[in-house]
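Presented sequentially are two complexes of subunit A, the first with subunit B as partner and the second with subunit C.
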Partner chain A sequence: MSIKVRNVSKSFGAFKALDDVSFDIPTGELVALLGPSGSGKTTLLRLIAGLEDLDPGAGSIRYYEEDVAGQPVRKRRVGFVFQHYALFRHMSVFENIAFGLRVLPRAKRPSRKRIRERVHDLLGLVQLEGMAGRYPSQLSGGQRQRVALARALAVEPRVLLLDEPFGALDAKVRTELRHWIRKLHDDLHITSVFVTHDQEEALEVADRVVLMNQGRIEQIGSPADVYHSPQTEFVMNFLGQVNTFRGHAHGRDVEFADISVAASDGVIRHGDVRVFVRPHELEVLPQKNGKPGFPATVLRVNAAGAVARLDLQLPDGGLITAELPQDRFARLSAGTGEKVFVTPHRVHVF
Partner chain B sequence: MPGAVALSLSVGVRPGTPATRDTSLTRWVLTGIALTFLGVFLVLPLVVVFTEALREGIGVYLGSFQDPDALSAIRLTLIAAGVSVPLNVVFGLCAAWAITKFKFRGRSLLVTLIDLPFAVSPVVAGLIYVLVFGRQGWLGPWLAEHDIKIIFAAPGIVLATVFITFPFVARELIPLMEEQGLEEEQAAMTLGARGWTMFRRVTLPNIRWALLYGVILCNARAMGEFGAVSVVSGHIRGQTNTLPLHVEILYNEYSFAAAFATASLLAILAIITLVLKTAVEYRVRRQMELSARLGDKS
Partner chain C sequence: MRRPFKRRPGKIPGFPLTMGITITYLGLIVLIPLAGLVLKTAQLSWSQFWTTVIDDRVLASFRLSIGASLVAATINLFFGFIVAWVLVRYPFPGRKMVDALVDLPFAMPTAVSGIALTALYARNGWLGGPLSHVGINGAFSRFGIVIALTFIGLPFVVRTLQPALADLESDVEEAAASLGAGRLQTVRRVVVPAVLPALLAGFAMAFARAVGEYGSVVFISGNMPMKTEITPLLIVTKLEQYDVAGATSIALALLAFSFVMLLVINGIQVWSTARTRA
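Right, the complex of A and B next:
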C-alpha cells in the first residue's frame, strides 16, 4: 500500500506545523520521518493516520490511489503505535490485542475461536507467549511496546505508523527492539512509517529517510544517500558531527584555512560560503605530503572505540575534530601538544 | 565507664533524629485535641440523635415512619435524589468529557461555573428559582396560564436539588480524565471503534470508580439538602416536604421523638455513605496511581 502526501499544510493557531509537504512512500517500504522536536514529523504522522485534520483545502493524502483526507481514522485501517503505547490499562494483554477484532461489525467479526487463534499467533510473533493474562502495568517498557505493536497488527492494517517507537525505552532495549522491528518488517512487508529524532535509529532501521525541519522536508533518500550526499546545511549538521569553516568560493573551488580545494558537488559558486567537513573526511599526517593541507596542534586524543578521535586546534585558534581508523592513528603516533598536518579529502558547500 | 557508652549507643539507634522527632507529649496532646474535637462535635451529636430517637422505645421509633406525612417526605426525597443523580451523571460525564478532551473557548469559564453551587449559599440558589418560576417571577404568568406549578411543588424541589448537586460527578471525573489523557481513546479509534463502543469499552471502565464516588457524594447531598429546598418547598405537609424539612417541622412542633427518629434515618444514610465512600476512594486512588505509572515516561 503506497502513501502519497501532496502539498500538505497544517497550522495550530499561528504556528505553522507543516508547510506544503509532498512525498511518496512506496509499497512495502519502511520509512523514517527524522527531525528535531518541533519539525512537524509527529504532526505529519498523525495526519497520515487521521488523528489530526488537514487544514481546509491544504493538500491531500492518498493510500494507493484512494483519497483518505476526509475519512475518519477508524475507517482508514491504520495500525498506530503510540509513543507511550496507550495500552488499555484495564484490559489484559489478550484483550488489548483482541480489541480491534472484537469491535468489528458483526458480519466481519471472526468467531471467538478464530480471535483466540489470531491473538496467540500475534503473541508468538512479538515473542510474548504466556503473557496473555498479564495487565499492562505488570509489563516492562519493551514488552508494552510489543503488545502495542501486536494490537496494531491484529486488524491487518494497510499501513503501520509508529510514533517515536523507541523513545521511551532504555538504551539496551532500544537497540534490541530496533533490530527486531527491522526483521519483523522484512517478514511482513507492510508499508510502515516511523517518527524519530534519533539519526542513528533512522539511518540503521529505515529503507528511506525523510529529513524534516521547521515544517518542511529538507531531503529524502536512502540512509547512505542522505548521510554521504547531504543537500542542505541542516542535513549536514543534523546527521553526525561536522567541522565548519568560513571560506570563499571561486568557481568549483573553495578557499578556506589557507588552502583551495574542489567542493564535492562540483557546482560553480562565488562569494563567502560555509565549508563543511566530516571528522572522518580529514586526513591527519605527521608532516606535509604535497596535498593541500593546513597545520594544527593536537589538543586531546580519545582512542577508545572503533576510531580514534582527535581534537585539533588551528593556528587561528579554531577547533576541529578528526576521526581516523585505529591502525592509521597507531602509525601517526601523535600525542597531546604535537604538531600535525591536516588534509581534507572531501569538502561540502551548500 | 561502660554504662555511659551503652547509653549513648542506645540513643543513637532510636528511630529518627531528635531534631525532627516530636516528643511523645506533643504527639499525645495533638492526637488528644483531634479526638476530643471529633468526639464533641461529631460522635456526641450522632449518639444524641439515636438515643433521643429511641427514648420512647422502639415501638414509637418505628411508628414515626408509619405516619403518612413521614412516608410522603421519604417518597419526595427519593424522587428528588432519583431524578437529580441520573441527570447529574449525564451532565457530569458530558462536562468532564468536553473539558478534558476538547480545547474550546470558554473552557475555563465552564470549569468555574461547575463550582458555582459550592460557592453560592443554598438559600440564594433556592431564591433564584423562586425569582424565575415563582408567581411574581419571570416565567410566573406564563406558568400560571398553563397551569404548571413549579415553586411550592415537587418540580421546584427537584430543580433545586439538581442545581445544588451538579458539581459532584463532574468534579470527581475531571482530574482523573485529565490524568488519563486522550491516547487510549485515540488508540481505540485507530483500531476501528465507533464513538459509543470507545466510550463503553475504554473510557467508562477507566473512570468507573471515580464515577461511582461522584454518584455516592451526589446522592448523599441530594437526600440531605435543606437550604435551597426549604426556599422552594412551601412546607406543605404530606406534599412538598423532604426528609430534612420534615425533621424541622416535627422539631418545631415539639415532637422530639419523631423528629429524632426521622433525623436518625438521615444519620444512617450518612454512615452508609461514609463506608461506601471509603471503599470506593481506595479504588479511585489505585486507578489514579495506575494512570500515573502508565503515563510515566521512563
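Right, the complex of A and C next:
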C-alpha cells in the first residue's frame, strides 16, 4: 500500500503545524518521520491516520489512488500504535488484541474459534505466548508496546503507523524493541511510518528518513544519504554532533581556521559561509604532517566507549570536538593540555 | 539486648497519631450516634420491634423510599454520565458556569429546593401545567418524589465521574476508533467499563443520599400515607408523637437495608477495580 501526501497543510488556530508538505511512501517501506518537537511530524502521522482532519482544501492524502481525506479513522484500516500504548486497561491481553475483530459488523466478524486462533498467532508473533490472561497493568513497558502492536496488526491494517513507539521505554528495552520491529517489518512487509525525535533510532531502523522542521520537509532520503549528504544546515545539525566554523568561500574551496580545503559537495560558492565538520571527520595528529591542518590544545579526553572523544580549544578560543578510533588515540597518546594538529577530511559548507 | 517490642518509626510517619484521630473522630461523629440509635431501639422487645417494622404503612414507605431512590440514582447514572462527559471532554464557552451549576443541589437548603420544585411541578406551575395535560401529576405524586431525589443526587454522580473520565486518556478512544469501533461501541466497550468503579461509587452515594433525604421531598410528595409517604417522614411523624423507640426501629431497619445495598455495590466496585489495576 503506497501512501501519497500532496500539498498538505494543517493549522491549529494561528499556529501552522504543517505547511504544504508533499511526499510518497512506497509500498512495503518502513519510513521514519524525524524532527524536533513542534516540527509537525506527529501531526502529519495523525493526518495520515485520520485522527486529525486536513485544513479544508489544503491538499490530499491517498492510499494507492484512493483519496482518504474525508474518511474517518475507523474506515481507513490503519494500525496505529501510540506512544503511551493506549491499551484498554480493563481488558486482558487477549481481549485487547481481539478488540478490532470483535467490533467488526456481524457479517464480517470471524467466529470465536477463528478469533482465538488469530489472537494466539499474534501473541506468538510478538513473543508473548502465555500472557493472554494478563492485564496491561501486569506487563512491563516493552511488553505493553508489543501488545499494542499485536492489537494493531489484528485487523490486518493497510498501513501501520507508530507514534514515538519507543519513546516511553528505557534505553535497553528501546534498543531491543527497535531491532525487533525492524525484523518484524522485514517479515511482514507492511507499509509502515513511525515518528521519532531520536536521529539514531531513525537512521538505524528506517528504509527512508523524512526530516522535518517547522512544519516543512527538509530532506528525504535513505539513512546513509541524509547522514552523509545533508542538504541543509538543519539536517547537518540535527543528525549527530557537528563542529561549526565561520569561513569564506572561493569557488570550490573554503577558507576557515587558517586553512583552505575543498567543500565536500563541489559546489562553487563565493562570500561568507558556515562550515561544518563532524567529530569523526577530524584527524588529530601530534604534529603537522603536510596536510592542511590547524593547531589546537587538548582540554578534556573521554576514552570510554567505541571511540575516544577529545574536547579541543582553537587558538582563537573556539571549542571543537573530535572522535578518534581507540587505536589511533593510543598512538596519539595526547593528554590534557598538550598541543595537537587537527586536519579535517571532509568539510560541509552551507 | 534486643527489645522485642521496640517501636520503630515506619517509612511513612505519623501512623499512630493519624489512626488515633481517625478512630476518635469516627467514633464521636458516626459510631456513638449510631449506638444511641441501637440502644434506644433495644428498649423494645423483639416482637414489638418486628410489629413496628412490618406495619403496612411502614412497609409501603420502605418500598417507596428505596424504590424511588433507586430510580432517581439510575436516572442520575445516565444523565450524570453525560453531564460529566461534556464537562470533561469539550471546552465550550460557559463551561465553568455549568460546572458550578452542578453543585447547586449541594448548596441549596433542601427545603428551598423542595418548595421551588413543588411550585414548578404543581398543576399551576410552569412544568406541572403541561404535564397535567398529558395526565401526569408533577407534584404530590411518586413522580414528584423521584424528581426531587434526582435533583439532590445529581452532583454525586457527576463529581465522582469527572476525575475518572479526566484520567482516561483520549488516546484510548482514538485507539478504539483506529481499530474500527464506532462511537457507540467505543463508549460501551471502552469508556464505560474503564470508569465503572467511579460510576458505581457515584450511584451508591446518590442512592444513599436519596434514601435519607427529607427536606426537599416533604413539600413535593404530598405525604399521603401508603401512597406518597417516605420513610424519613414517617420517622419524623413518630418522633412528633413521642414514639422515639418506634422511630428508631424504623430508622434501624432502613439503615440495615441501605447498608447491605452499599456493601453489595462496594463489592462490585472492588471486583471491577481489581480487574483494571491488578
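We adopt the following convention: the second predicted complex is superposed on the first by the 350 of 350 C-alpha atoms of A that agree within 3 Å, B and C clash if a C-alpha of one lies under 4 Å from a C-alpha of the other, contacts with A are read in each partner's own complex, and residues count from 1 in each chain.
Operating definition for what follows: contacts are C-beta pairs under 8 Å (C-beta built on N, C-alpha and C of every residue); 3 or more make two chains touch, one makes a residue touch a chain.
Quantities reported herein were computed from a predicted structural model and do not represent experimental measurements.
K.L.:
Check subunit A with both subunit B and subunit C modelled on it and let me know: fit or clash.
P.N.:
The answer is clash.
K.L.:
With the two structures laid over each other on chain A, which partner does A:303 touch: subunit B (first), subunit C (second), both, or neither?
P.N.:
The answer is neither, since A:303 touches no partner chain.
K.L.:
Counting only touches as set out at the top, which of subunit B and subunit C does A:330 meet: first, second, both, neither?
P.N.:
The answer is neither, since A:330 touches no partner chain.
K.L.:
Considering only the touch criterion stated at the top, classify A:141 as touching first (subunit B), second (subunit C), both, or neither.
P.N.:
first
K.L.:
Touching A:168 in the superposition: subunit B (first), subunit C (second), both, neither?
P.N.:
After superposing on A, A:168 lies in contact with subunit B but is clear of subunit C.
K.L.:
Figure out whether A:267 sits in contact with subunit B (first) or subunit C (second), or with both, or with neither.
P.N.:
Touch partners of A:267: none, neither subunit B nor subunit C.
K.L.:
For subunit A, which residues lie in the overlap of the subunit B contacts and the subunit C contacts?
P.N.:
Overlap of subunit B and subunit C footprints on subunit A: residues 49, 51, 72-80, 82, 84, 86-91, 99-100, 103-104, 137, 151-152, 154-155.
K.L.:
Quick one: in the complex, what on subunit B touches subunit A?
P.N.:
Its residues touching subunit A are 183-184, 186-194, 197, 201-202, 205-206, 290-291, 293-295, 297-298.
K.L.:
So in the complex, the part of subunit C that touches subunit A is made up of which residues?
P.N.:
Per the touch definition, subunit C meets subunit A at residues 169, 171-172, 174-182, 185, 189-190, 193-194, 196, 272, 275-278.
K.L.:
Which residues, counting only subunit A, touch subunit B once they are in their complex?
P.N.:
Going through subunit A, the ones touching subunit B are 49-51, 72-80, 82, 84, 86-91, 99-100, 103-104, 136-137, 141, 151-152, 154-155, 168.
K.L.:
State the interface residues of subunit A toward subunit C in the complex, per the touch definition above.
P.N.:
Touching subunit C from subunit A are residues 49, 51, 72-80, 82, 84, 86-91, 99-100, 102-104, 135, 137-138, 148, 151-152, 154-155.
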